Every structure is written in structure tokens, then in C-alpha cells.
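What follows is a single structure, written as C-alpha cells, with notes after it.
We just call them A, B, C, D and E in the order they show up, numbering each chain from 1.
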Amino acid sequence: MLKFIGKRLLMMIPVILGISFIIFAIMALTPGNPAQMKLGENATPEAIAELEEEMGLNENFFVRYFKYMGNALRGDLGNSYRTELPVAQELMSRFPNTLILAFFGIGLAVVIGIPIGILSAVKQYTIIDTVSLGLALVMTSIPAFWLGLMLMLTFSLKLDLLPAVYDGTWTSFILPCITLAIGSMATLIRMTRSTMLEVIREDYIRTARAKGAPEKVVIFRHALRNALLPVVTTIGINFGLQLGGAVICESVFSIQGLGTLMITSVRQKDVPMVMAAVLFVALTISIVNLLIDILYTYIDPRVKSQYIKAR
Amino acid sequence: GCGSKKDELPNTEDRQDLTIAITAEPTSLDYSLANELNTFSIAGNVYEGLVRKEADGSLVPGLAESWTYNDDQTEITFTLREGVKFHNGETMTADDVVFSFQRALESKSTARMTGAIESVEKIDDTHVLMKLKYSYGPIEGCLANVNCAIVSKSAVEADPEGFGRAPVGAGPYQVVEWKSGEKIVMKAFADYHRGEAKIKDLTYMVIADSTSALVALEKGQIDVIANTQTSDKQNITSNANLQYDETIADSFFFLTFNNAEGLFADNVKLRQAIAYAIDKESILLGAMEGIGSVAHSVIPGNCFGAPENPDDYEYNPEMAKQLLAEAGYPDGLTINMPTMSSGYYVKISDILVDQLRQVGITVNQELMERTAYLQDVYTNCQYDMSVLSISALQPDADFITFMRYHSDYIGGGNNFTKVNNPKLDELLEIGRFDSDPAKRTAAYAELCQIIKDDAVLLPLVNPPVGVAGNVKLQGLKAFSDQSIYVYDLSWGA
Amino acid sequence: MPDTILETRNLKKYFSTSAGVLHAVDDVSFTLERGSTLGVVGESGCGKSTLGRVVLRLLEATGGEVLFNGQDIMKLTKPQMREMRRKMQMIFQDPYASINPRMSVSDIIADPLRVNGICESREQRHSRVEELMQTVGLSKRFANAYPHELDGGRRQRIGIARALALEPEFIVCDEPVSALDVSIQAQILNLMMDLQEQMGLTYIFITHDMSVVRHISNEIMVMYMGQCVEKTSSHELFANPLHPYTEALLDAIPVPNFSRRGRPRKLLTGEVTSPINPKPGCRFAPRCPHATPACTGESIPLREVSPGHFVACVLR
Amino acid sequence: MSEHLLTIKNLHIKYDTDEGEEVRAVNGVDLTLDKGRSLGLVGETGAGKTTTALAVLKLLPKKVGSITEGQIVLDGKDITAATEEDMRLLRGNTVSMIFQDPMTSLNPVLPVGEQIMEVISLHRKDLTKEQLEKRLDEILTMVGIPPERRQDYPHQFSGGMKQRIVIAIALVCEPKLLLADEPTTALDVTIQAQVLDMMRSLRERMDTAMILITHDLGVVAENCDEVAIMYAGEIIEYGAVEDIFERENHHPYTVGLFGAIPDMTKDERRLHPIDGLMADPTDLPRGCKFAPRCPHCMPVCETEQPRFHTENGHSIRCHLFGAPGSKPAQGGNA
Amino acid sequence: MKKTDKLKNEHRGQLYFIMRRFRKNKLAMFGLCLFAALTLVAVFANFLASYDNDALSHNMAERNQPPGAGHLLGTDHYGRDLFARVIFGARISLFIGILTILISLSVGAIIGAVAGYYGGRVDNLLMRIMDVFMAIPSILLAISIVAALGNGMWNLLLALSISGVPRFARIVRSSILTVKGQEFVEAARAYGTTDTGIILRHILPNSIGPIIVQATLSMATTILTISSLSFVGLGLPSSVPEWGAMLSEAKQFMMYYPHEIIVPGVAIVLAVMALNLIGDGLRDAMDPKLKN
């Protein structure tokens, strides 16, 4: 098992390197001059040139990349071009917000989506099934920011129940989390339903019925766990989507997270910040996926024994 | 939580806190790095300079008690106010003043405000001498700007890097906490030389999206929106719980041409054709809901030197088509127009695209991010035509004209039209160096006429500055430079 | 002088798996006469299919030689091999998986012709396909049908027609009837025997059904965990099985005959284990009722105990 | 009149498919089975064997398969009218079923011990935990699995062992009737022999009756007391095992079936397959279902459904028998 | 009667049966009709309104008109006719959607096919590269690319296509892996079919099902992503009547002139829903196992 985790961690290295290269290259392609940005529109050209020199911007792309990576590997992610503060500090102050959003978003999607999916499968062809499928369909079809705005209008303006924008309280996370959860929820409803339907057709379910097990036992003890196995993997994938979707959600609800940071930094060509933010997001996604894989080996005995033997 | 806030809303008498929404966070509050209106308006509550600008725009003594000029107005001797405290509790000395100016002069971001200053020297503990490079009319206004604030020398020296986040000035508010990207929390400075402010706790909250900000204001989550969108005015004014004030900004939007290279170089007919094709009223209506004003001159009306009845092009599409044919484009043409992808820039160019289409000009709107745009258009002048805005910073024509049209400043983010006209240079120099106001005014009038005739650039609209707030808040006013003087605000009954 | 069409010498195929080296086919040698049928029987996983594939070089052997008409096919280049393929074909077990569901019946049968550039013109190809369909007993009206519309028996006929399209000399049949119902199975077996007679085909017939293999084969090879444990003529094997495994195999076959009812049987204990990193010695020893210490330790060679009867057992 | 353990009377079952067709899978099956006896149900693919067995458990796929006519009486209870809850108490307890494929019949995520234990705890609520465990060890030993392995998961067992576990599940409550649906087709012959042998001894010990579904006549000959041959949803021949394997008179389909198997005792190379294909269950012939393939087909066969002709408990559903002037078919394995 | 029906069916391909199952799926048919309607509107937009005069022309005298007689769906803040914009928007959204899918599908299919068929090192390398792209949330990738290349139709298209490639590569690869192991592929090899022949004639036709399903669903996602990019200001300029851009433009007026945000919003929801319904319907039709 440890070997497996070690191997997976090692495999993350090339991925992270690849991402860093791609983003660095994209940022290098991006027009705009960080020095100009820093000095503002009223700066003199001489001042800009001087600052460029200072920032090492006139060096060759590869030199810059290797310098950056060298520093990054030593734990120095550099200072933001924009605020001149260490990038790590800014990331750390923003990251919790995004993480809360993503985790609660996916949590909400799981807690609501999976039961609905199960119900829908168990009650196939009934009105419950139709309604939940319809719901899932509408959920996948609504643009997230539109939904966010509508929720904001309804729940904070019309009904005056929740804060409209982030103000540091946990209540201000409710609407953003719901907004973010909707997309994944729809996926989970559909996914759970279809795997559940597939599993219900399996021979071992028929065996369970032939044992005289009541429907509840058949569904919850026999079908559910098997159906959830592929769903667990989907949760991992959706976590990535959540981190991406957070960009939109954060801008709607003015949450200062990695998403808004990304957008501002990309726009201002704050290379160290963008690099660090993307790498951070990618790393988080990789780690969450690794955790899910580990979880998977524990809940699927077939995979588990494979690794235990391989040890 | 939200519950408690809600309860507070009805009785505001005992409130002493204020939350102001801003669309973007300043990168730093270091006075010597500040270069945007946005930053000036926040930092203005933290710092104070030798000169202070009142809410009505008049200049009064700030940290200097008084000052005197020498005869040719190239030297100023300041008498410092005594007992002025910095936020760190230290008392201001002449050394602090000298240090502050030295630092500002060295900074790359302050050129526009400190450009006329040669040096600042200490005379004695309560007097400093400022030498100017030339006699400069607007100098007092410059000294009131944040870039010329007085800061604690020891505080800067203790942590020069961190100063931008934890500034130590002598203004009415001191920074308590800065949660990056989220909010800046300040508290009233008890030892402020004019007395402690009435609003004790001041928070600047970053809300990028204007709709979200408005909802937050209506809900009472925030108290003031610093710079409202024109599209929100209707919402704000129709809400009895909110107050609204607006004024015309000291900036203007214009369509700029590259006068030296490309399509528009040496083709005044083409530039004029475009001038006739533009309906500024429609732009004002479409982009700014009709709020603000149409700009007829390159010097905004509230500046010294603004012409009284500026001459301008009429909206005349027929004339435009005719001139277009004369310019050599009887069948129309295609123009690439880089556009900064934010706010009014996009809207104005949207409308321009349509208006020019009506006379047979196809405009390719190339949306660009701010950084890229500034580099390509502003600094490097790689464009044919674009929408830009500049602001006066000080209510004096010099600020908004000198570097823009002088041939010494071509390119590099100054003279972005690349216009090179000795006559203009001459007029600009009169405007800057002559101390006779009448002569200056005349020079600027001629300048405006030349720019209009040559269609160097086409002024379009003066945007409004709108400020919205809780109706219980006293003293809320919109200023042309987007400032909010929090010291003057209070919660009323 | 027997006319040998195929000979394998010490053929080996190992797969490397996460758990170790899997000896799917381990040191198998046999010769096959033109026009005859070699039945290969053995339990699931003993390497029958692998043997068939290695012989056709659909899998690269780990070691050993396969001589086809005296030529070592392991040494052929790709184009040479493609040429050789026309003489050696395969019929597969699963008539559902072995034909492309997206192609019509006539396309499936015509595909080998097209690929090998036989019957260039469309009409020629068309008539050849019709001819083949007739040979295998498929009605012409199915020419444009798609496989999923047909039952297993007809699909298997398609598979046979496809294998015959290139007029091969030699066909490996990998359990061609085990997925079919008894009545259909008989139809297909008859067809295959008829074809063999008409065209002088040589078969390797892989199966695990002893009654089928006895019926169709001239010679039978019994495999156990990748190795050949006994090989002799079909008649001899059933009359006089020498290897304990063969004995047990024959004994275990349920016979549709009331007379055998209730008769005590020599049941084997245990099951075939996976042939990963096998120990030297007789691989059947752990299940063998007659196992002695001599059975383990060193490998047991295949010996000819009577003319044409080969067995690998220390007891014989 | 002695009470039979299982009586199936005139059972008709249809499936409604997605395509809107009606599959008439079972068309008038009559069967009786006594305590402790074993019945072989033989027939080709699609004959309706599994469907019949599922009907006895009332486990036909919901909304798709339904009993349209007939009656099933199990252990004195008419189960066609039984509620789901009644059935639940019967399943696994009075009647249990073994499915064809051991690879997929076990839940991959539960340890096998738990899967066996589940049946006992569902039906023997009175037993204590220790008694349950004891019973589990007992049954594991009986099917030849070391009891220590009860914590293992299905994928850790070989096919034969899995099938033994499936059998353990089916027999742990000592049911009165066991429905075994091709329990050994997925296994190798040597393993098949082991498993069938074990099943036989267990059944004898528990006095369990069995319906053994298969298409292997050899398996039937060695394991069953009675044989029913099914074709297109009907039983076309029924009798004691001797009747089918020894007697002369047979249904032409039975004759064909025997002719198609390669015979181990004869040296004849050509086989004698039955021509044509199984009747399409969505579009069955009007008269005798076998008529289109029958070498002895008469005009009456195409129009009229034959009735059973019974002689000493050996029934044949064919116009050749019973009716005056008919000529018995030759065949069987004689 | 029935017999002849059957015989007729025998000469029809699998496609016929898929289509038949699809046609029985009411929801999927609804989706298809909706999509067909959108396509028709997109194709014949010229006949319904004038691009220049209605969709583009500003008319400050008629700003923010509510839906009514003069303007069926009202006007926007530049006085442009929303009906005209929304139907020309269909053209743009569908165009971008389809082209994006085509590009990412063809690139993804080639990568996936090569990786899946040849396996081993090639597979490893290609898939690691795909992993790299997959590990960046696609919207972040799209944002970076648009920021780098600038806003505009072609850049948007490129950004969306690039972020779509890995998904298709994976799907194609995995369906190739399943098909590759099947016996008919081995049979084709046994009679001498070349690698390319096997991929083109045997493998791809059999993996087309999941690919088409993914394509329809991806198109739905693409339309949503465009609107998200517009929202953060990285979409198309407003002179292009694209739905996402319309939506984010209308956002500032949403409290006062809700029709301006509802019209494009509903258009997006309908298009995305139609595509989802079709994709789901196709999946069900191709995999009858899912239904009873």
C-alpha cells in the first residue's frame, strides 16, 4: 500500500512539471508587461525598462523558466508582481476560502445527489424518477453564474435570508456552495442512478433476492456499495471541476479565493501568482484524487487485495 | 452574522463603523507607489501631506502650518505644524518630511506629482525648504496628493517592504488589518491633528461585481459603494433606504488616433470623417445611461484653462461619408481597434463600432486585457485607433495636456497620439511655465482648437462619478477625483 | 512417409504479470500431418488458446520454433508473415465477439479477400462471397444482414466462411462449438468435418469437451498447466488413458447413459491453480492420487510409451 | 391424495420487451415434484427453463415478466397469490436457487462468510450469534471450503470454490426445494464432477428436492430421478430417468437431442443434428411448436396443439402418440 | 404481416435499431426536436430578421424595451432587438460548439487511437501529457489561453478545443482498449489486416457510440463554458450576438430589465438541455442494457 502511494506521488511529479511548463509558456505568450503593470499608466518608459531589468524579464524564456522552477523547488515561489508580497502568503490567505467552497460544494452534491440518484433508480419509471431526472437535467443546463445571481436575488434580496456577498461569516458561504454544488449534484444524480440501475440487474442482486432478503437490504447492503464504487471516482473528477467552477462562483459572490486571484493575476500578468495558483490547484486535485484512489482500494476488496499482494 | 447586522440597520445613531465597497484592491498603500485613482482615494484617508485638499477642492494647510514662496516662485519654505503624530505614536519632525520627499522622488510611480520638485531640505526642526525645477502653478495641488504624503521615517526604515501593507502616516485613519483580496480594516486615529474622526471603524471591502455590491448595499452588508456603475443609478435612486450623489469626473474618454504611423498618419480627412460619424449623445446614453456629460474639449470643464465654448464636430454622417471619399476610401474601410476589456471602454467602443458601421467603416474590436492593452496601445503606440481615457489628477490643464501632446514625450505612455506639432509644443510650454493666468488660458484655448481642427484625437464623454450609500449616512458626496473623505462622514439620526 | 504440415519444437509462451511469470505454454512439441485433426483438451486456463495463437503467430512466442510446411514462421518478416497468413486461419470460440458487429455479413466474409487483394473486382468478390456462404450453409438472403440479427449457429458459419475465404491449408479452431446449443453444435461439427474432407484441411481443434474432441480428432493432446501431458490417437486415448489426469478427465465426463448412474468415481480434489512461476516436476502432482516424491523436483519429459502414445508421467 | 412439494399447473409467462414485442417464454407448463426427488429440466437455449424457475421464486423481472395464467403451489401454498412479504419468507428458506454463473452470483464487496450468514440470520431469527457462526462453519466444511476463509472476498476464490459458496448459500437453511439453474456449465469437467457429487450428498443429507436445469443430458442421467424436456416454453416429454434414457418411445425432439450429442460409445463420425432453429418466442407456430423442425411432421401438427400421451408416468406431447394409426418414433439412446 | 416486417428489418443495420429505440424515448425526441428547431433557426436566421439592422444596429431611442409588439422579445441597452440577437446567437453558439467539438474530437481521437492501439510507451507518454492537461480545471486553462491570445472568436475556439482534447483522447483510448481485445480484431489480424486498417475499419466504427455521446454532452458543456468565460470578461465582444456575452452584458440591468437576462439565459438552457437530452437518449439507445 505504501509502495502504491509512493508510486502515485512519484507519478505526480511529471504532471506537475508539465503543468508548470504549460502555464509558464502561456503566460510568456500573454501580451502585456508586468513592469508596466506595476508602475501604472503614468510611469515613464525609462522607469519601465529599468524595472524590467530588475525583474529579469529580458532574459530568455527557458532561463526564466528554469530559474523559476529552481526557486520553486527550493520552496521559494517568488513575490507577486502586483503586491510584491510573497506569493505563498497570498495563496495561503485565499486558499481556505476556495477549499471550503469546493469541499462543501462537493459535500452538498454528494449528500443530496447520491440519495436522489438512488431513489430515482429504485423507483424507476415512477414520478419520483421522472422528477429527479428532470431536476438533474435542468441543473446541468443552467449556467452557474446565472444560477448564482438568481439565488442571490431571491435569497438575499427578496427573502432577506442570507448575505449576498462574502463577509467572513459561514452563512455567506451557503449560497456560493449551493451554486457550486448544483452542477456536480446533477452529475452525481445521473451517475448514481445509472450505475444503480446497472447493479440492480446483476446476478448477485438476484441471488440476494433469492435469499429472501427484504428490498431494503437488497438495495442498501448489496446494491449500493457496488454502485457507489464508480461514483466515488466521479467525485474525484468533480472535485477538480469544483475548483474550476469556484472561479465563477467566487466572482459572483465576491469571495476572495484562488479563482478570483487567478483571474486578477492572469489579467495583470502576475506570472508568479498565476503559476503558484495553478500549481496549487493542480496539486490539490492530484492529492484529492490520490486520496480517493486510496479510499477506493479500501472499499473495493478486489483492488485492495491487488495492492496488498503487490506489496 | 447577518442576523445581527439586520437588527442594527434601523437605528444607526450609535453606529460608528462604515464599510465601503471597492471594485479592486489596491496593490499597495505605500504612498510612493500609489498610481491609481482607486488607491489615491483609499490612501487619502491614511496619509496627509503638507497641504490638504478640502472636500470643496480648496487647498488648506495640512501638516504644514504655513508656507511662503520666493520671488520667482521656485522655492517654498514650509513651517511645519507642531505636535503632529504619526500612527505609530511618534511626533513628526523635519527629518520625516525630508525623508518622505526623498523617497517619493526616487519612486518610479510619482513622476507626475513630484516632477516639478528639485529637492527638499531641512532648515531647522520646524522648517523645510522645497526647491522647484521651475515655477509651477499647480504645485500646491500636487503636494496635497498622496504621493507627497508625509510618513514616519523610522517606520519605513524598520520595514520598507512591508510598509505598503502597514502604512504609517499622519492621516485620520490607521490600517489595522489587511486581509488580502478581501478587506482592509482601519480605525480612527485618536491623535489625528484635527481630532479623532466620528466613524471609528472603517472597512474597505473588495466586491468586484457591481451587481453583487448593489445587493450587498441594499441588504446593509455594506454602507457605501465608492464608484457606482451608471447602470445601477436607477436601482439606487429608486430605493428609499439609499442615497446617491454624482458629479462629473475630471477625466474624459476619447477616441485616439495614431497620428504618426499607419492608417491615420497624414490623413486628417479620414480622422475628420470619423469625427463626423460619431454621435456623442448616443454614446453617453448607451454607455453611461446619459449620466455624465458629452466632452467637447480635451480639457475637462473643472480644470483651470478649460475653454469656455469649445468648438467641436457636429454629428453628420453625410459629411462623414463625403470626407471618407475625399480621404481615399469611397467604399469604406476596415479598421482594427484594440479595446481594453473592461467597463466603459468596451461599451463606448461597442457603440463606436455600430456608428462607424453606419458610414461604411468596419471596425474590428480586439478585446485585450488591461496589461496587454497598456503595453501595446499606451506605451508602444501599436494601434491605429482606440478608446482611451485620461484624468487630470489636478484641476489644471497642464496635468492633462503637457505630456500628452508635447513632442518630447512621444510614445512611452505619454504622447500616445504621437502628434508632433511645434505649435502645440510652444503652447504647452506657455501653459506650463508662464505665470500669467490670462496667457495660459489663451494658450490652452488655441491648443484645443488646433487639436480639434487636426482631429488629433476625438473627446467623447466625461464620465460621472457616482457614490451610493446608506441614506442615514451624513456628508456623503461624490468628488470628481473619486475620493471619499471618510473624516467628514457620520451616522446621523 | 507422412506429410507434416506443422511442427512445433519446445514452444514456450510466458506472460509477465504483476504476480510473476505466467507459463501459459511451456515447452510444447508436436507434429501435425496434413489433413488430420489434432484435438487439444484441457481445463480452463491450461494454455490451449495461447498455444493456438502462438502457432499462428498472433502472439509472439517466448521460445521454440513453429515450422509450417517446413518453414520457421517465427523468423518471417511482416510482409512474409502476411503472405503466410493466407494459408493458416483461425475460428474463434465466441461467435458474438469474433465478428465485427458494424459490418454486414457479406462485408465480413469479403474482408479477407479485400485485405489480401484477392478477387479485385467487385463482382468477382461478390460471387466468391456467395460461393462461400453456400459452402457453409448460409442462405443468400443474409448477405446484407448484420450479425446481431443472426443466431449463434449462423454467426459461427460466418466465422467459418471468413476463415475459408483465403483457402487456407490449416485452421486453428478455438472452441468453435462450446458456445452453441447441442443441436446447433452438431450442425457445425458436421460442417467442419465435411469441409475438411472436401478441402483437405488440417485442424487444430481446441476444446474442453471430451465427447466433441473424440468425435472430430485423429489425435488428441491433453494439456495441463501449459504442458502437454499425454498425446496419442483419439481411439487409444479413450481406450487406454495413461496419465492420471487424463484418466480423471475421462472419468468426470457425464455420460448421457443411464448405465453409469451411481457408479463410484475417482473424483479429483482441488483445482487447477494459476501457472505462475511453477515449480519443476509434474504440475499435476498436487492433485494426483498416485503422486510420489519422484514426481516433484525435476521436470518429467514426454515419453513414447507405446508406438504413437506419448505421456509425461513417472508411473508409466 | 398425497401432497406434492411443488405443483405447477398450466403456467404461462410472457415478457414485454422494450421493442413492444411480447415474448411468450412459457406456454402451459405442468410439473409436479415430490419431497426429496430431483427433476432434470432439459432444453435448448430459450426454451424457458430459467423463466420457469424464476416464476417459482416469483423473481421474474418486474414490469417486464409476468405470469399470465396458471398456478404454482409450493409446499401447500399457492404462491401465485402470495404477497412479496410471504415470498420473502419462503425464499432461501423453503426454496432456494443456484444461478448459472458463480462468477457473478456473489456480491464482490462482501466477504463470503457474511453472504452465507445473511441467509441464516434472515430466516433463523431465533439463533444466537454463536449458533449462527457454528452453522456457518458447518456448511462451509460441508461444501469443502476451509471455514477460516469466510472473511475472504469472492474474487479470492476459484470458480469451483465460488460455486460451492453459492451452493452453501442455497442450502444453508436446508430448503425443501432447490432450483439449480445450470449450476455447473461454467465449470471444468473435473470440477463439475466434484460439485455435482457434493450437491448430491448434501441433498441426500437434507432431504431436499431439486429441479436441475441443464442442457447436458449426461448430467441429467447421473443426477436426476425424473426428467422433463422443454421446447419453446412447453414440456414436450416427461418421465422417470429410466423412461427417457432406456425406453423406446420418445418425442421426435428428444430423439433429435440425443442424436446431436457426440456419442462416446459409438464410432460413427457424422452427427445427426435437428434441422432448423428454435421457434421464435415472439411468433410461435400455431400447432405443435416443434412441427417446423420435425422430420415426422403431419398436417395435423401444424394446426393442432398436441396433448400429453401418458403411459406409466411417461408423458409425451406429440400427435404421433396416442392418436390411432400413429407410428411411434424410433430413437433414444437404445 | 409480422413476418414481412421482420424480413425487412433484417436488411437494416444496427443504426436502424438504435434510431428506433431513440425514437421511442420521448424525452430524447423532445431534445432532438428542440435542437432541430434551434438549428433551423440558426440556418434560416436571415429570413427571420436582419443581422445588420436588428441584431447589430444600436437604437438609443429604443433602449431596454420590454417584450411587446415592436420587439418580440424586447431590446437591450443599446436598443438592439433581442429576438434578432438571440436567433443569430444560435448560429454563433452552434457554430462555436460544433467546431470546437470537431477540432477537439479529431485531435483527441488521433491521440487516443494511437495511444490505445499501440499501448506501451507511446500510450504512457501520450496519456501523461493528457494527464497534465486534465489536471488543470478546463475553465482555468481556457481562461489562461484566452488571456494569452486575446478575446475573439478564433481564440475562444482554440482555447475551448484545447481544453476538450484530453477528454476525447481518453474516451477514444478506452473504447479502443475494449474493442481491441475482442476476437474480431484478432480475426482481422489473422487474415492480414494492417494496423491502420484495423483501427479504421474495425476499431473506430465500434467505438463511435460513446464518442458521439461524449460529443453531444461536450457541446453542451462548451456552450456553458463560453457563457462562463463571457461572465468573467473573456468572451466575445458585444458586437457579436453570442448568448453568453448577451447574458453577462444584461447582468447589470437584471433588476430593472429582467427580460434582457432571461432571454439569452433561456436560450442557453434550452440548447444545453436539448444536447443533454440527445446525448442521454443516444447513450440509452446504444446501450439497451440500461433499460429493462
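Note that in this section contacts are C-beta pairs under 8 Å (C-beta built on N, C-alpha and C of every residue); 3 or more make two chains touch, one makes a residue touch a chain.
The structure displayed is predicted, hence computed values, not measured ones.
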{"item": "Chain E and chain D - chains in contact with each", "value": "A, C"}
{"item": "Chains touching both chain A and chain B, listed by label", "value": "E"}
{"item": "Chain at maximum distance from chain C, centres defined as averaged CA atoms", "value": "B"}
{"item": "Chain pair with the higher count of C-beta pairs in contact (C-E, A-E)", "value": "A-E"}
{"item": "Averaged-CA centre spacing for the pair chain E and chain B, given as whole angstrom", "value": "45"}
{"item": "Distance from the mean Cα position of chain D to that of chain C, given in whole angstrom", "value": "32"}
{"item": "Approximate Å spacing (C-alpha centroids) for the pair chain A, chain D", "value": "53"}
{"item": "Overlap residues in chain C, where contacts from two or more other chains coincide", "value": "none"}
{"item": "Interface hub residues of chain B, defined as touching at least two other chains", "value": "211, 368-369, 372"}
{"item": "Touching two or more other chains - residue numbers and ranges from chain E", "value": "147, 150, 251, 254-255"}
{"item": "Chain A partner contacts - residues on chain E that touch it in the complex", "value": "128-129, 131-140, 143-145, 147-150, 220, 224, 227-228, 231-232, 244, 247-248, 251, 254-255, 261, 265, 268-270, 272-273, 276-277, 280, 289-290"}
{"item": "Contact footprint of chain B on chain E as seen in their complex", "value": "52, 56-58, 60, 63, 77-79, 147, 150-152, 233-234, 237-239, 251-256"}
{"item": "Contact set on chain A toward chain D in their complex", "value": "125, 202-204, 206-215, 217, 221-222, 225-226, 229, 299-302, 305"}
{"item": "Interface residues, chain A side, partner chain E - complex", "value": "14-16, 18-19, 22-23, 26-27, 29-31, 137-138, 140-146, 149, 153, 190, 194, 197-198, 201, 240-241, 243-245, 247-248, 251, 262-263, 266-267, 274, 278, 281-282, 285-286"}
{"item": "Touching residues on chain D, where the partner in the complex is chain A", "value": "57, 59, 63, 84, 87-93, 96-97, 99, 101, 104-111, 118-119, 122-123, 153, 155-156, 166, 169-170"}
